[in-house]
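In the two complexes below, chain A is the common chain; its partner is chain B in one and chain C in the other.
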Partner chain A sequence: MNIDIDDILADLDRDTTAVDHTQDNFTSDGNTTRLNTSLDYSISGELNGKIGRSSEIISPAEDFAQLMRCWRNERCSPELMPYPHYLMTRILRRIQEQMEHIENISMGFLEESMNQISHGSGNVTGDGDDEDDEFGMGRGNNVINNNNKLPLLCMEAELERVKFVIRSFIRCRLNKIDKYSLYLKQIEDDSMNFLPINELLSKEEMVYHEKHLSILLKLFNNSILRHMPPELQAINDTEGTLNMIEEPDWKKFVFIYIKEVKDDSTLDRNEFGKPCYTVTIEELNEIVELTIGGIYVMRYEIIRQLVLDQKAYLI
Partner chain B sequence: MSLPAHLQETFSPEEIQFIVENEPIKIFPRITTRQLARGRVGSVSDKSSSNQWRLITTDANNLNNMVAMQSTEVTLWLALLLKQQNKCSIIAPKWLTIKELDKSIQYEKKYLDRFSSIPWNWLVLCQLLFKRASDDFHDPVHELRSRIQDLREIRQLKVLKGLKHLNNSHLQLDNISILEINELRPFIVGIMDKLREIHSASESNDSSQANEDIDI
Partner chain C sequence: MYGDLANKLVLEAKRSQQLSNKSKKGNSLPMYHEELVRNILQEVVQLSKNTEYLKEQQQLGNMDSKVWKCQQFVMLLCMERNKRCLLAYQRLRSQMLDSLAWDNNGLDILHDTLGNTQDTTDLSPQEQEYLKEYSELITELKSGALTDIDLTGSLTPPSDVFIDVRVLKDAGEIQTEYGVFNLIKDSQFFVRQSDVERLIQQGYLQKIK
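Let's turn to the complex of A and B:
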């Protein structure tokens, strides 16, 4: 007698949410155009459609969550992750717009208080500078004005939070660029590589990478290397007893969280019927099941692909 | 370096708090921000645009539709900000009651080989709420605090036990919280890296290669 209508209900649900998303896109000032171009581009040459998938749902909240994930991955991973170009453009543009928005609103407040001063009791002298502004509000003679300040306060706080994440993210990347500069240079020269360097780095990071490396090389050359015999002058010698190019430690242990992904063909089921990914540690000939929702300490090289596909997060 | 050395491998506790602050939480607003359909009279109505919340990281819909004493969901940092201004009271999550915590403690005591499934941010969230919203709890805060302390100690004991099993392949630590991960990270990762190096050095036939690995 029981008719299972879950799938029908799910269908209905999906419809309404779809409408919501399109509305979101249109209201968030011109995101849609950018979205289209990014989609086209991502098909031509992104790795595994990573960007393509993330741009299916574009909302500020989703973008910020994505940024947080990128930041946390970057902080924990031993290697330099690919730069999220489209995500960053979107967020940076939003920050710009929000800053202007806040500016406009606070202009409004200034005007309002000026008006109040001129309309209100005549004992206040007419120059409505900032201090007067705050003071009038602080007295709290009308509650509405106080409430008006609250959104502004929160918007400013939020802006600071986003800026902090971006700053920390970029600084972390710059740190890695410093550390792996010779290795990156090697990738750049090597045309066989899986990822072109301009996908890996942003434009500014490219500039930083090149200039910083050349400055460093100049210092080394002038201070010590030119006094060396010619066969020892190379800075990127891989032949000697020690490899001079520092590669990321691919086998470094990291903490990962296995995320739930619907309808994934690489998912297996373990003996308890729980969905899991199966990975092999080749060095030890060991097979490990990573169940969904579990937390593991794992070698980075083994779960690297899962991280790039966003099936696992570093924590 | 562009990133301070103490931040290169792990997060600082403040950053962990920052991450946790992005989670949603339920509040009772003490202000009403929902605009009436007919609009307001006089000078306020034309200011209504500046009265709107426009946020770039979260959905501002909830914030524009706050009605005093009707529960709604906002991000934690916003809730704390509003709380600071006395504009809302925070509803403690379900698991943060004496009853639920006692259950968790029971579970922890019963199963010695695993952690109970309290949320990944429990320590940070408790610390934040006890400090900034201690008047919003139904249960007496000092009792909650002591139970949290109990949980913390039981779990620490388990962690200490688990550290015996550090190895060169992998570890599974389900339901461990983010703060616990963060305090263990430098130690666990460091030890396991060294174990791995020793193992791979003994495996590889090329002894000179192995020596290099250890030297570094």
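Let's turn to the complex of A and C:
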């Protein structure tokens, strides 16, 4: 007879760590819900005075992974995805901090060499920034003395990479905004919408959208539309033989990867006992099972909700 | 027939699209077909005059209503067709202008936007104005919250930290934000990629594989 003691072991594992890693979850309205660790401990009756810091900060690595996911989704999806406001503010702030940090360190290098020339002493005069970075280059550390440039290089290269991802992400979004500008305008005027426009776009993107549309219309008006008869002067004519508003291609085929989500209510089990989501293709009246961990080619409109709920990723 | 001129214009648009797809970056837009556009617009004016005339005749009552409806409808279709072709042509050109503005704008010196496009005379005056305004818009976007991220920067992912570059054309002393380079023709440098990315985009330097 086997007794399963995994949960007891897990409890023990949790206790031995000094710092516990509570992850903040962003609820849909953007407020952070902090798990109250002390409460947890008192309930379990194991309050040993070692209450770990409930980390205010979501780990940068997690944020970067999130950014990469957003970027991939944006590149593959036919529609404009909602803008990840909180994520982007956090990442942009970190980039700024890291840039200053690198600046400080390289200044430290300079001062160091100056000092060595003038006094011959290897004492670093830091600029009050006593934040040890992950490479352990604190003040007066010998690492600076051998002028080890490697950490600095790594940091700069890393920064370049993060910047590249964001640049590519924003440019991709701007491209879509240009493409669907009239459609977005229509969404704005339509109050019965699922998403307000300021959720969908960032502030800068809103400004860009407005201004670009206005100068484009000016160009069209001055060169062509002015000379048209009045009933043909509209640029967003939906009554004519052709609709002039280009919508995203909802039926576009995309590759998706089904991600594992713990205890999800919409999960079903298939005949082999594997967890899967079921979606219905309406035009064929066919039901498809999407098994966890599988890769499928599907029409975008069918799996749109899964993608927005982050249960499936576009690849 | 009525749509033929517009057809010619669209064919022209198609050709310039293929040209820009095939050729390397730094394409120049072909000339704006002012003549053709003007002729098409004249055609539209002609058509709308015809419809006016038909309306009057209809009100005077010397026309069969079925015939009148048919005539009206065909006229409208012809005008719509012309409008579509003109807009498609103009839209394609504006997209090319946008890519021009993104590609070589704001890299070194923002003023003198039109200095690098020799075809300013090939653009219609409205297009020149549009290009200027769009460049301003991009500059504004870059100076917003995303200052740390150079939006006009390269879209190929950075792979190496240091690269070898060869100087292609003499440029004298160029002051970058990171220091002074003395660019003498055919000299080589071993520099950090992020420093010289802009110079590569401007065509002063060439990366050595």
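Simple rule for what comes next: the second predicted complex is superposed on the first by the 237 of 315 C-alpha atoms of A that agree within 3 Å, B and C clash if a C-alpha of one lies under 4 Å from a C-alpha of the other, contacts with A are read in each partner's own complex, and residues count from 1 in each chain.
Following the convention adopted for this analysis, a residue touches a chain if its C-beta (ideal position, glycine included) is under 8 Å from a C-beta of that chain, and two chains touch if they have at least 3 such contacts.
On a predicted model such as this, the values are computed, not experimentally measured, just so you know.
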Combined model on chain A where chain B meets chain C, clash or fit: fit
First, second, both or neither for A:P60, with chain B first and chain C second: first
First (chain B), second (chain C), both or neither touched by A:I105: first
Which of chain B and chain C A:R171 touches, first, second, both or neither: both
Of chain B and chain C, the chain that contacts the larger number of chain A residues: B
Partner chain(s) touched by A:I281 [first = chain B, second = chain C, both, neither]: first
Touched partner set for A:A157, first chain B, second chain C, both or neither: both
Superposition-derived minimum Cα distance between chain C and chain B (Å): 5
Common interface residues of chain A - those touching chain B in one complex and chain C in the other: 95, 153, 157, 161, 164, 168, 171, 178, 241-242
Chain A contact footprint on chain B (complex, rising order): 1-3, 7-8, 11, 15, 18-19, 22, 31, 33, 44, 47, 50-59, 63, 77-78, 81-82, 85, 87, 168-176, 178, 181, 185, 188-189, 192-193, 196, 199-200, 203, 212
Contact footprint of chain B on chain A as seen in their complex: 59-61, 64-65, 68, 72, 75, 91, 94-95, 97-98, 101, 105, 108-109, 112, 144, 147-148, 150-155, 157-159, 161-162, 164, 168, 171-172, 174-175, 178-179, 241-242, 249, 251-255, 281, 283-284, 286, 288, 293-299, 315
Chain A residues touching chain C - in the complex, by the definition given at the top: 92, 95-96, 99, 153, 156-157, 160-161, 163-164, 166-168, 170-171, 178, 203-204, 207-208, 211-212, 215-216, 218-220, 222-225, 227-229, 232, 235, 240-242
In the complex with chain A, residue positions of chain C that touch it: 37, 41, 44-45, 48, 51, 77, 79-80, 83-84, 86-87, 90, 94-95, 98, 124, 126-127, 129-130, 133-134, 137, 140-141, 144-146, 148-151, 153-155, 157-158, 161, 192-194
